[in-house]
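Next up, some structures in structure tokens.
Next come two complexes, and both contain chain A; in the first it sits with chain B, in the second with chain C.
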Partner chain A sequence: MNEILEGLKAASWLVLTFDSDLVEITLRSLQVTLTAVAIASLIGLPLGAWLAVHRFRHRRATIALLNALMGLPPVVVGLVVYLLLSRAGPFGVLDLLFTPTAMILAQIVIVTPLIASISHQAMRDLWASYHDLLISISTRKRQRIATLLWDGRRALITAALAGFGRAIGEVGAIMIVGGNIEHATRVLTTAIALETGKGNFDLALGLGFVLIALAILVNVTTHMIGRTESEGKW
Partner chain B sequence: MTSILPLTLSGATVKRGKKTLLGPVDMTVSPRGFTIILGPNGAGKTTLLRALHGLEHLDSGSARWQVPLRDARSRQGFVFQAPVMMRRNVRDSLAYPLIVHGVRRKEARQRAGLWAEKIGLGDMLDQAASQLSGGEKQKLALARALIRDPEILFLDEPCANLDGRATREIEAILQTAQANGTRILMSTHDIGQARRLASDVVFLMGGRIIETGPATTFFHTPSTPQAVALLNGDIVE
Partner chain C sequence: MIRVFALISTLCLTLFASVAQAQTLKLAVTTSFNNSGLSDVLLPAIKQDTGIEVQLLIVGTGQALRLGKAGDVDAILVHSRAAEEAFVAEGYGTYRREIMYNDFVLIGPAEDPAGISGAPTATQALQRIFGQQAVFVSRGDDSGTHKMERTLWTAAGLEPDTFKGWYRPVGAGMGAALNTASGMNAYLMADRASWLNFANKGDLALLYAGDPVLFNQYAFIPVDPARFPHVKNNLVQKLESWLTSERAAGLINGYQINGETLFTFNANPVP
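Right, the complex of A and B next:
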């Protein structure tokens, strides 16, 4: 018990003094996750809208596949990306294994289905209410998708935030493809796993505080976006 | 530019599964006039208007405009029974159809402002459309349908739930539009409104046209017992 209290005290100290290791690891986490979420959003958000508007033969199967991909165990994603990027793998020549880029790739695979799926649900509901109007105004297909994306932007930001929440706390996949290398691929979650194992509770807890703060920030933002929606702002 | 009218509906039916919602219906919409569609709940008024506008798939028969369908669609307006409000403010809701059809943003927003004045929403330009009152929503939907000067305007009970004043305002807007050359087809349950506005009448029951003709004939010498009953204020079903 005493050990934990000591740890908490030391952790607060690390956070309050902007400990250089802690800052470095936090920034890398943000860089990897934000990049991955940005790219996953660029793919997932329009994909969701497109699935909501476009009728094609294997649409149901595609949506089912998307929902299934959402449930992919991150560790398995990590394994597959590892095999693809390893020396012997098809993309081995790129020499990406154990780099932040590899971690970004793994997170994109994990997060894109989630973002696309949330986007699809939101866009489907919006399309149900806009359908007749947009047909009546004789909009073109691309205009319809653009309109849905713009008018549903709050839901889409929420989808991206959900993706961020998932990615920032993910550990399995990025541990495998990143390798948790100090000053290179160490991020919040992998560092916490390592420092805990080493019995370094103060740094582990300090990193944990940062992670929790980020998670709370995401939730509060999501909640506030919901409020502007119901109040009809922007 | 050739007119999109007359529109000819021949042998048109709309079905849902085995149930026939409409038809077979034959009708011609001439280039001028104000057609009122009457009929009890479930008669098929909404279905007929949607079929004319091309929102319902015809299970048989055809709807023929004078120009290709894609052209014809963009020169029509439709006001739905339950107004569809976009997640935008009043100004952007009104500007939307203009922007979709290539009007520059600045000009579109300007014209939106003018229309908002016309319908009495001039000081609500920045208000979210979803927060307007029922009557304000109807007026917004009407202005949005008229803002591109359609050759034909369909309205599905635009004054249901409105008070006398709002109804008068909407009727005035419609009469101006008609005077400017817009062909109007509108459904209503309000016989008084039908008498005020109609140049001709389509009387529907059970998805079929029971009686149709010039308004004066319909109101003074109706030829079917159902029409007589309707005009007497009896319950028609």
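Right, the complex of A and C next:
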């Protein structure tokens, strides 16, 4: 219990003194995760809507597979991305290993199935009620998807936030592909792992509280901008 | 929404820009080099004297050698002589240059149920732990420390693979293994530097040290530029001459925790 209090104290101290290392790794955490979630949303949200609207042969199997991929183990993703980006691997010449870009790539792989699955779930329900209308005014498939995405935007924000939640706290993959290099690829989660290894539990816990506060901040900000839950309407 | 995106993209760009500057070099090092705190002293001095920003990949010796074999780092600084010599012999590294040493120590519960603190040799200390079947945490991660520990068990006439439940390989770095041992009040082998700098000692104490077999040599190996043309060999050469300089000697020999010297500089002239 005492150590948790020490952690809270360390967290407040780091924040109040505006510790430059803390600011740096916090911004990098945000940079990596927000970029990854933005790109994953660009892929996952339309994919989810498309799966809701389009009928094809292996649709059920595709959806089942997508749902299963939500549980993709980050360490395995990290290892595969490492082997691809390694100098000895197929994309070695790009020199991307141990850079924030590599971390973003790994997180995109982890987060896209999650965003696509949640998006598909929401779009399917919406499609059930929009189906007759959109068919009767003879819209094209692209228009249907656009309508669903726009009218379901609140649910899609939730999908993106779920992706953010999974990515911001992730350590296994980015540790492998990023290497936890100080001033280059160190982020909040890898710094927590490092400080735990040194036995500096109060500092590790302090960084943990900063991470939790950051996640809350991003969620609250998103809701404020989207004005969800404020006007009692969609 | 557009404004938020604009803000985020500006943020990303500034961060990317700050990463690209300066001459950087990737060095894979053992966890002990960083956990001991020595890297925090040496890296700023290297930056100041040579302008090189050394990016550390803190991993076990096994993984460090692996990174070198794939050409993903420019040089490695590790401590497992046999594995290093194999690395050079297989043509991944150009040569092996000794830089400094410290020693391994045996850590355990302060009350020392196996009575190793009075043991005449390190191997006899291990035999006493075996005799008591006292809980022993092993790194189990193919690191330099792990290799050394296995060598000592073998020298004691014992085979770790046949040990029962009291022997716990955790498959983790020095810090994580120390945390585990602290939680279980178990014995383990650690390098002196990591032990002294470790903040979560709990009831653990340094019980045995001083046997010459516990000598722990650190060596610097440049990754072979003939095999990997992208390796920054000129920066590696600059770093090596710095690491073997008088200035490095002063910093390494002068680095202390609680008044104890952690590392001894012993680099030789160019091989």
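Things to note:
The rule is short, and it goes like this: the second predicted complex is superposed on the first by the 204 of 234 C-alpha atoms of A that agree within 3 Å, B and C clash if a C-alpha of one lies under 4 Å from a C-alpha of the other, contacts with A are read in each partner's own complex, and residues count from 1 in each chain.
The criterion applied here is as follows: a contact is a pair of C-beta atoms (placed from the backbone, for glycine too) under 8 Å apart; a residue touches a chain by one contact, two chains touch by 3 or more.
Everything numeric in this text was worked out from a predicted model, so none of it was measured.
Judged by the touch definition given at the top, the superposed model places A:Gly71 against neither chain B nor chain C. Looking at the shared chain after the overlay, A:Ile135 reaches chain B, while chain C stays out of its contact range. Applying the stated contact rule after C-alpha superposition, one finds that A:Ala184 touches chain C and leaves chain B untouched. When the two structures are aligned on the shared chain, A:Thr35 is found in touch with chain C, with no touch to chain B. In the superposed model, A:Gly152 makes contact with chain B only, not with chain C.
With the contact threshold set out at the top, not one residue of chain A is in contact with chain B in one structure and with chain C in the other. Across the complex, chain A is touched by residues 1, 4-5, 8, 11-12, 15-16, 19, 24, 26, 31, 35, 53, 55-58, 69-72, 173-176, 178-179, 182, 197-201, 228, 230 of chain C. Touching chain A in their complex are the following residues of chain B: 53, 55, 70, 73-74, 76-78, 80, 84, 86-88, 96-97, 100, 127-128, 130-131, 145. Touching chain C in their complex are the following residues of chain A: 27-28, 30-31, 34-35, 38, 86-89, 92, 95, 97-100, 179-184, 194, 196-201, 225.
Contacts from chain A toward chain B in the complex involve residues 126, 129-130, 132-133, 135-139, 143, 147, 151-152, 232-233.
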